[in-house]
Each structure stands twice: as C-alpha cells, then as structure tokens.
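You will see subunit A twice below: alongside subunit B first, and alongside subunit C after that.
Moving on to the complex of A and B:
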C-alpha cells in the first residue's frame, strides 16, 4: 500500500521555467563565490610563502575561517540546489523554501564577511570550543556573537530546506521505498531512482548534523550568557565534528546524486538502483554517524573503543558508497559511446578525484598513521582532493550541463580541452604541494613557518604557480558556463 | 562660654581619636585597601596559567634562611600554597587536609616539598612557625613555612592566578584556597579548594615527577560531560553528555519516521478522496501512485 511508488510529477511550463530560474540563480551564486573563495585560499598560500612579511598573522586566520566556512557552505548549497532541480523529475519540492534559503544564505554570508574581514574572527571553520570565547584581544566580542548568529541563520535555513526536500520525497515514497529496502530483499518494484535513495540517506544524515549544530549553539549561548556553567570541551568537540564531518560528507553524497543522474545521459546507458547500490547507501546512513570519531584521535581522554569505532567506521564507509559508485561509473563509461563534453568530463574527473581523495582520507583515518599526519598538511591535502577535485568538479559538471541544457548553446570543444587541462594540472599540482608538505611534517594552520619547517615556504610558492593555472581554468570555465547560466536566468520568467 | 569651648574641645578630641583609630586600623598595610591579583567569582583558571614561569623571588624561612625560590625548585618540585596566619577560615583546614593527603599518598620530602608562604605583610617567621606547629608539621623537612616582601608576594600572586582582598568588616582577607604544583620553575597543576583529596594530590605529584596524567576534572560547573573518569580505577563511565551526543541521531530517526508517516497518511487520504470522486486521470501529480 504505502510502499507503492509514484510516477513523475507533472509540472506546467511556467513551473518548469521558474525552477530553471531558481536553479540558475543558485548556480550563479555558487559560481560567483567560487573564484572569490579560491582567491582567499591563494591569499593564505601567499602568506605562507612569506610574500607578505609585514602582514599580521591574524589576517591569515580570519581569511582561513572565511575560506573554510565559505567553501563548505557554498558547495553544500550548490549541491542542494542542483539536487532539488534533479529531484523535480520525481517529486515536488517547494520553490518558496528554496528562495527563502537563498535569502538566509546571502544574509548569513554577509554576516560572516563582516565577522571575519571587519571583526578578524579567526577560529577556523570548526570554531573549536573554547577558542571563540578567548579572543586574546584579536577580535571583539561582537564578532563572536555575530558569528554564532550567522551560523544560526544558515543552520535554520538549511535545516528547513533539508526537511522540505525530505517532505517532498515522503509525499511520494514511503520510507522503506525511499531507502530501497525492497531491493535488498531482492525485489526491484517499485523502482526507486538512485537520486531519491541517495538524497534520502544524505538528508537524514544532514538533519542529524544540523541538530548537533543546534546543541552546540545552545550550549555556547548558555555559557556565554553568564549562567556560571562551562561546557565540556570534549563534548563540544564531538558535537562540532559530528556536524562538520556530516556536512562535508553529505555535500559529497549530494554531488554523487548529480553524477548518478547526469552522467548516464552522456553514456546512453541507464544507471539504476540495484541490490548493491541499496546495501551500500543504507550502510552509509548508519556509518556516517560514527566516522567523525577519526577527528578525535588526538583526544586521549576519549576512550579507546571510540577511537577504534572511528577507524572501523571510516574504513567501512568508504567501501560501500565510494567503491560501488566508482566501480559503477567505470562500468558506465567503459565501452560506451560516450559523449565527452565539459559536463561529462568534469563529472567523471570528479568521481576519480573522490577516489583519490578517499584513499588519502582512509590513510589518514588509520590511527597509527594519523599519529604522524594529524596536524600536518596531509589533512588539507586529502580534504582538498575530494572537495576540489571531487565534489567541486561534480557540481561544476552539473552547472555546465544545466547551462547547456537551458541555453541550448553549443560547446567550444577546444575551450573544453583547455579548461580540463588547466583544472587537472592546476588542481593536482596544487594538491601535490600539500601532500609533499604533509609527508615532510610541515604543519597545517601555520601563517608563518618556523625555521624547522621552512620547506613549507617553498611548497607554498610552488603551489601558487599551480593555483594560478587553476584560477585561469576557473575564469575560462566561468566564461563558458557562467554566461550560459546567466542566459538561463534571463530567459526564465 | 567656657562650657561651649569645652564642648568644642571635646568634639575635636573625639574626632582626633576617631581619626587615630581609623589610621591605626587601616594605614599599616598599603595592601589592605585594594585587591591584589585578579579577583574573580570563579576558581582560578588552571588553563590560563599552565606552564607559565613562576617569579624567582627571595623568601625567608626558618630552617632554610634567606633563599631564592629557584634554589628550592632546583632541588625538587614544589607544592606552593599562599596563606595568612590570622586566617579564621580555610587556611588551617586546607593545610591539615594537605598534610593528611600527603601522608596518604607518600613521597613528601623525597619527591617534592611543600612551601607555605604568607601573603600577609604582618606575618613574621615566628607566626609561621606557630602555624606549622598548629598544623602539626613543625620540624618536618618536607614542609617550609616562609615569608616574603609585599612586592614579591604581589609578583607571585599575579603569576599564579591567586588573589586576596582585605575585608574591613570581618578583618580578614578574602582569598581562594589553592595549591600550585611547580616543576623546574613552571606551573604544572592547580589544586583548588580547602579539601585536598588524596587521589587528586596523587595526580599532581605524578605530574611533578614527570609522569603523563591523561585526564583530571577541573574545578568548575560543567553542564554535561561525555564520560566520567575514575582516577582510582583508571576507568571511564558514560555521562549525560554521551546521551546528548546520541540525541541528534535519535531525534532525526524519530522525526524522519514521523514525517514519512504523516506524508504517507496525506497521500492515502488524497487517494481515497480521488477514488470516491472516481475521476480517472485527474490525480494530483505530486501524489499519484
């Protein structure tokens, strides 16, 4: 009864146009923020390259905070907007809530800009307790308040958005069907598109992460309001990384939704849910809640069994989702009459970047290795790999696909090759400097490298060369795709 | 007239007498009218002072004579506590508690020494000797009772997070009860409060010996902890914070089930309505089967 699945919703022409306009707006916001945030990252490497020796280090940390939170937030909202558009094939999400979230996101980002660039709030994206409350004269008290307020605005907006997408899925699918449990039992009817399955898994996890963020904010305000209570640093760190790790992971998974939906259009082969896919993503739903423990290996007060659980969950979470998806993507492409466009190339490269970053992440989640690598550049190396060369490429692939689908403008093949080459050489060259730095014990989050690790300066300088190539690629990409998205925005009512 | 003059003279004499009395009560110590250190309602924050250098001040003590603090901490680690001999409050009970805890843990004199320093400028070496006698540690080489100049005491106070303030009403100093663990001139640990638990003192002494103590509770009101650590057994027990950590997952699961049930009921009722109306093909696109 309730297990029966619905057929595709019917949208009127005007409704379709409005969805396109909404998605084009989100894509434009994403494409606008990306180069700005990329330049902020380049600024950090310039400081580490010792090319701004008179600059106060607190600027490095303020920019690090903005760059980290900005990138995580930008790709999350970009992925949510893209997935919403993909889901309109199967369910009816609310456009109004998406517009409202856009407004909340813009407001939250503006507050974040003031907090970091005016207030010089420099705690890093993870705002690890109790650092926000100990500014040591670097940032004023209002910056901490404004930061918490901006997080609250973003959190409320994103939570409502996630709940609405889940509501839309729930309107058409029962929970058992949305999670494809009947596939696990060997049945293939009713059919569940991978986009519905993976989005359901991702959003349930996301909501758990957002609730953790709510608890963090409440506990922070309780302490700061002068109640006389202080918080347990270990509890706060657990909550922060529960929220942060889940947010980053589900952004990745939402990117994978786009690959499952878009890549088959270029290979002329279907990519459907099957038993393995269903088992893999249901495993993710369970394990994603425990993998974050690998962020707390250095916290010796955390009992050992929790650390072991973190390593086991980290190992096993990568097997089902990543291996099944990567293997399926290879099968999809192998021997197919593939139409290699900017979109399909970026999506394919994104899946491969996920694989490479995933391997680096698994290495880092091994306790014995983490003891050496924990505070080195290996950490930004691995998360930049699966972000920049993973989910970012998937999303840029989607934006390229969307822009071309709506604008119907033909693609410049030569420019596609140049963009791809610049992304691959610039991106992986930039990452290589992080990996080499990590392997040579160069610490992360250092504005200025001390004498003992001066090789970090050389890595930063070489990285800047690769960043320049990457930035050139982004500019060319924006010329190709940005103007198509702009056209989609203008031509939709 | 003479009566009037006499009245004025008496009044003047009274005012003078009162002035002298106030002067006698207030003027002897320049510290009396002010707080020395940063007074706070909360216990001194260990995290703020950990590993800081302790000023190397000269002290006078009965068995040792005039010496620098560094001469003491070079020999062996120190447990430093600041008291005053006229204390009607926590000083003596704290010292007695420390004596009992030190006896229970062992190693005093061999692994560390206890330096009791007066912060009251009125205290003399004989006052301190009386205090030692009163506590029952007179002649114990593990214990040193000393005095220092007001300026040097102020330096120690500022470097360690201790504070004191004269309260005229009670004619007593207001001050926290704390013991500072010092190894090689640096602050290693604080023990806050008048009652010294042997298990806590043992942690400090292990730290002073150079052992690694992975965890210990800080003296503050913590809302929720993930775990409680029992230093005696070395075991962890779950605490309320762990439940808080599970809460997001549990609430999300329950909320998701509720949401899907609610929407499912909505869908079924819409289907039932449609089947009653029996209008084929006029279904709500968002809720068709």
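Moving on to the complex of A and C:
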C-alpha cells in the first residue's frame, strides 16, 4: 500500500485562538515555576556554602528533591506543550487532554510541595529504591504514600498526553511514515516535517520510560503494602535509571523539535527531513534504550557485556546528534540573513549548550573515567549544561518566539543583549564551579562538606555570585517575555 | 588520566565548540549562499573523524575497566557493609546487624600492607550507598556501589601509606554527608 498522509483541515481562527490560550497558559506556568525552582537550587548552594550553619540537613535534602523533580517535570511539560503547539501545523491533538494534563500537573505539584516541604520527604528526584522506605526518622509514612500518589497522578496525566499526541500523528501519518522509514529507502514522498519525526521518536521512547515507571510504582506498592514481597535492588535500579534517563533525554529531544521548527523562520532557510535526518533519529530511537546503562557502571555485579554496551551506546548516540542536528543547525545559520532576536539567540545558544553538555556526558560515560567521576559534582555539571544551557534556553527561546508572534510587540534590542550576556556569564560560571568540584573529587548531594572535600564550600560560594547574575537575567527575561505571554493569554478567548 | 587532566580535555573541547558557534554566528554579518556540496563533504569528514575518535577512545578505555578479572587472586580481602549512616570495614565477614554494630563501634581500623592488591567486598544492609576511597590527600581514587542483596568486588592496589577515608557517594538519607569509614595502608 502506498504511504499516504491525511492532511489535517486548516484550523479555524477560533481554534487557533484557543490553542494560543492553552499554550500561553502552559508557558506562564513554566515561566512561573522556573525562577522559584532556580531559587531552590540557589538555596542548596547557600547551604553548601555554610551560610546557614544551623539549618537541619533534612531540609536541604527535601529541597533537593523538590528542585530536581520540579525542574525535570517543568521542562518536560513545557516542552510537550510547546511541541503540541508546533505540531498543530500538521496534526490535530486534543486540547481537552492538554487542559486535563495541566490540571493533573498542578495537582501533582501541589502534592509534591506538601510531601517535601511539610513531610520533609528527601530521597532525590529519582527516589532510588529502597530509600523511600528508609526515612531514618525524618519523614512520616504518609509522605511516602503521598509521594507515590503524586507520581501516579503525574504519570497518568503525562502518559495520556503522550498517547494523544502519538494518536494525532498516527491519524495523519502512519507511524511508519512518521518515523520517515521511506526516506531511509530513498523516497521523499510523502513529506514528513522533522517536528513530526522527532516527536514520534521521542514519544515512543517516553512511553517505554513511563512503562518502566508504572512497573516501579506497582512493585514499590506491592512491597510496602506488607505482602511479604521484596524487590530486587538491581532490577529496581535498572528500571529507575531507564525511566529517569529516558525522561530527561526526550525532554532534550522535544527541545530540539522546537529548534528544527522555529530557527529556520529566523534564518530564512528551510530545514527539512532527508535520508540522513531519518537515519539519525531512528538510530537515536534504538540507542536511547541502551545508553542508560552508564548510570550503573559502579554496580559491578551488572554483567560486563551490559556495561560495555552502555559505553558503546553512550558514545555513538552522540554521533547523530552532532553530525546531523548540531552540524545542520550551524549550516542553517552560516552566512544566513539571520534575524537575531531573543528567541533565535536563545535557541542557537541552546544548541551550543547541548553540544558542550554532550561532550561532558560522553566523557563521563567512559567506564574508566566514571570510576572517579560518578556521583561527584561532575554529574550535576554535565546535566545542568545540557539542561540549563541547552533545553531550557531552547524552551525560553520558544516562549519568546510565541509571545512575540501572538502579541506583535516589538523587542527591546538592548535588553536582549543584556539578557544574553547574563545568561551566558551567569550560566557557564555557575557550571564551571560544578565542573571544578567534580575534577577535585567533591561529592554531589552533600548538605555539608566534610574535611576531606572542603574545597566544595569555596566552589559553592563562587557559584552563588554567578547564580545571582543568572537570576537577574531570568528576571529581565520574564519582564520581556512573561508579559507578552500574559498578553497572549488575555487576548485569546 | 587524572580527573584534573580530564577536566582540561573537556575545557579544551568546550572552548572549541564555543569558538565554532561564535564564528558561525559572526558569519551572518556577511550574507552568502550556502555551498551545500561543500557542507556535505565537511559533514562526511566530521562524521568519520568523530566516529574514528570515539572508536579509538573505546579501544583505549575499555581494557581499563575496573571490574575484577577472574584468575587474578587478591592479596587481601576486606569486607564492607554500608548501613545508614556508617560503613563497617573488617577483614572478617559481617553478616548480622550485631556484627555491624560491633565493627563500627569497637573494632580498630583495618590495616592493609602497602602495595598489596586488596579486594573490597561491598554490600549494604539497608539502602544503596556508594563506597568511595579517598587518598590521604583527599583525592577520590575509586568507588563501587553498596547495594542490598548484592556484593560488589572492588580491587585496588594502594602504593601510598597513610589514612584512607571512605565517603558515601550514593545519596542515602538525612545524614548521607556524615556517612564515612576509615582504613590505613602501611
């Protein structure tokens, strides 16, 4: 049967307005949570700088849990909302499901706030089994139950959302077409926009990750309900890191969808799917399932061939990203009649942050190196690089683009330069302190640094100066973009 | 390669990436057509170079994996059990909570002959912990996870005498940062 694409009917003006209102709401939630979560991160560095010596360490760990979960969740939903808006050019996802997911997300976040800030539940964002069941006298039983319940709410909401987006794609393109397999065979018809291809790859991976999360929740509840059943710690660790790794990576890929769709509008050059793009993203779909093994290198009982597979997959998943997406982004911009606005600058910097964070991640995915870097500050260094200076900038770039497109308000060029400078200096300065800490053996996730690694205190203090610059940049960004998104919300019915 | 040398390598590569992005951004000051054929050639070179470098690094680093090799017999075996919030380190097996209490409360620190190949058999009685060995100068030398239900075997040859500190490198609860152990090499 010949591959066909069912072209979605053009949205009516009212429908477009409704999508804009929905997207503006999501963007406002994202932009509201970002500075709050950033301040929670700053709070952690203040504690590590020994500037709150009387604070009980459990507060540090509760805030650490909230900061991690909050950031991972915020950027995932932000990316999903932005990608949904972009995809409405080609397919028809359900607005009702997106609104429903927003409600589930708000409820889940409220429960997480109570769990961590009232219950002092402090297990880190990936709640490594069996820590939630060993509170050491800090958090009460209800906090663990509420935590599992909030994860279930978020998980159900996000899974339904991902399934609906895939359904919308499959309705216009078959999944085989959406994955651009015909491009691999040398055909270019029917045309598949990169946004459709990458979103399909990301969402299939997301569903695999969410399935792992469901298994974790079920196994945890089974054990904790007093059935006498005990979980296997290695199996649970594999499931947890598979889920966490996939969630973080697909957020990154969804950010890349935005770059593929938005950046060409500023460079006045097309960025289309071709054979190489199709091969690259199908390779990613395959390799992302195995790269997570690098989180378990220090579990020496894991079979050695699995560890080798982890390093091989982690190394070669960087090739399609670098050779296809990052290289193509550079070609797109090289010598172009570029419109440098806040949106295009942030997106371009986001691709750069992805590249630099990728270098650090590949280094850390070397087993022999990981022996001395695992769970040091090198870990937050590299994931903050491709998060904060990667996908976050891509998403802030999208929000700026969206706000500008809807509000039609002209941009303050001087403010754009100041915001860019503050983001680059504040962001990379903040990261450098993490990298130096990792290179000098400072552990991650320590509320207080012991004598052996006291240099961590100095790095935390210097980092706070850079965080202040970054925060100022965020405030100015919110002034520029937040009010435009607010206007978009108000002017859309 | 020491962690500081790895950091320098990373910094160098990061600067190269940043310079490339800066130069490409500056190129937009003079608008020109893209020579897609030349770009395709450059992409091919980039692909083969990157793949070659990664393959070379795989070849260099995989033989240096820290996992124990069968057929090599360690000079000493040291048993380690993590439990919120201390490491029990002993030359005799630790199998019960009472033995763990005794070792962490009363036993003198383990002493290892300098230059001997020691195998740490590491496990946990509760949650996951990270068994990490810090040199007398405070440098992280090696680590493995302490996992309930499993024993990870970490082999090390310690050629420098002195006091070695064990810190927990897997977040394990409210006193994670205080969890430690100690042994001597002499």
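Structural remarks
Operating definition for what follows: the second predicted complex is superposed on the first by the 487 of 493 C-alpha atoms of A that agree within 3 Å, B and C clash if a C-alpha of one lies under 4 Å from a C-alpha of the other, contacts with A are read in each partner's own complex, and residues count from 1 in each chain.
Keep in mind that, in the parts below, contacts are C-beta pairs under 8 Å (C-beta built on N, C-alpha and C of every residue); 3 or more make two chains touch, one makes a residue touch a chain.
Source: prediction; values computed, not measured.
Placing subunit B and subunit C on a common subunit A by superposition gives a clash between them. Look at A:412: by the touch rule set out above, it reaches neither subunit B nor subunit C.
Touch counts on subunit A: comparing subunit C and subunit B, the chain ahead is C.
After overlaying the two complexes on the shared chain, residue contacts for A:175 are found with subunit B alone; subunit C is out of touch. With both structures placed on the common chain, the touch criterion links A:491 to neither subunit B nor subunit C. By the document's definition of touching, neither partner reaches A:274: not subunit B, not subunit C.
Shared-chain residue A:283: touches no atom of subunit B or subunit C. In the superposed model, A:91 makes contact with subunit B only, not with subunit C. Within the superposed three-chain model, A:232 lies in touch with subunit B and with subunit C [touch as defined at top].
Of the two partner chains placed by the overlay, subunit B and subunit C both lie in contact with A:300.
Of 23-31, 59-67, 149-157 or 203-211, the segment of subunit B whose C-alpha atoms clash with subunit C in the superposed model is 203-211.
Residues 232, 234, 300-301 of subunit A lie at the contact with subunit B in one complex and at the contact with subunit C in the other.
Of all residues in subunit A, those touching subunit B in their complex are 1-2, 4-7, 9-11, 91-92, 163, 166-168, 170-172, 174-175, 178, 204, 207-212, 215, 219, 222-223, 228-232, 234-235, 238-239, 242, 289, 300-303.
Within the complex formed with subunit C, the residues of subunit A that make contact are 57-58, 61, 122-124, 128-131, 134-136, 138, 232-234, 237, 269, 298-301, 304, 307-308, 311-312, 315-316, 318-319, 322-323, 327, 330-331, 333-338, 340, 348-349, 351-352, 355-356, 359-360, 362-363, 366-369, 371-376, 378, 435-436, 438-441, 443, 445-450, 452-453. Subunit C contributes residues 1, 3-4, 6-7, 9-11, 13-14, 17-18, 20-21, 24-25, 27-28, 30-34, 36, 39, 42-43, 46-47, 50-51, 54, 57-58, 61-62, 64-68, 84-85, 126-128, 130, 132, 134, 138-145, 147-154, 165, 167-178, 180 to its touches with subunit A in the complex. Per the touch definition, subunit B reaches subunit A in the complex via residues 42, 214-215, 220-227, 229, 236, 241, 244-245, 247-249, 251-253, 255-257, 259-260, 262-264, 266-268, 285-289.
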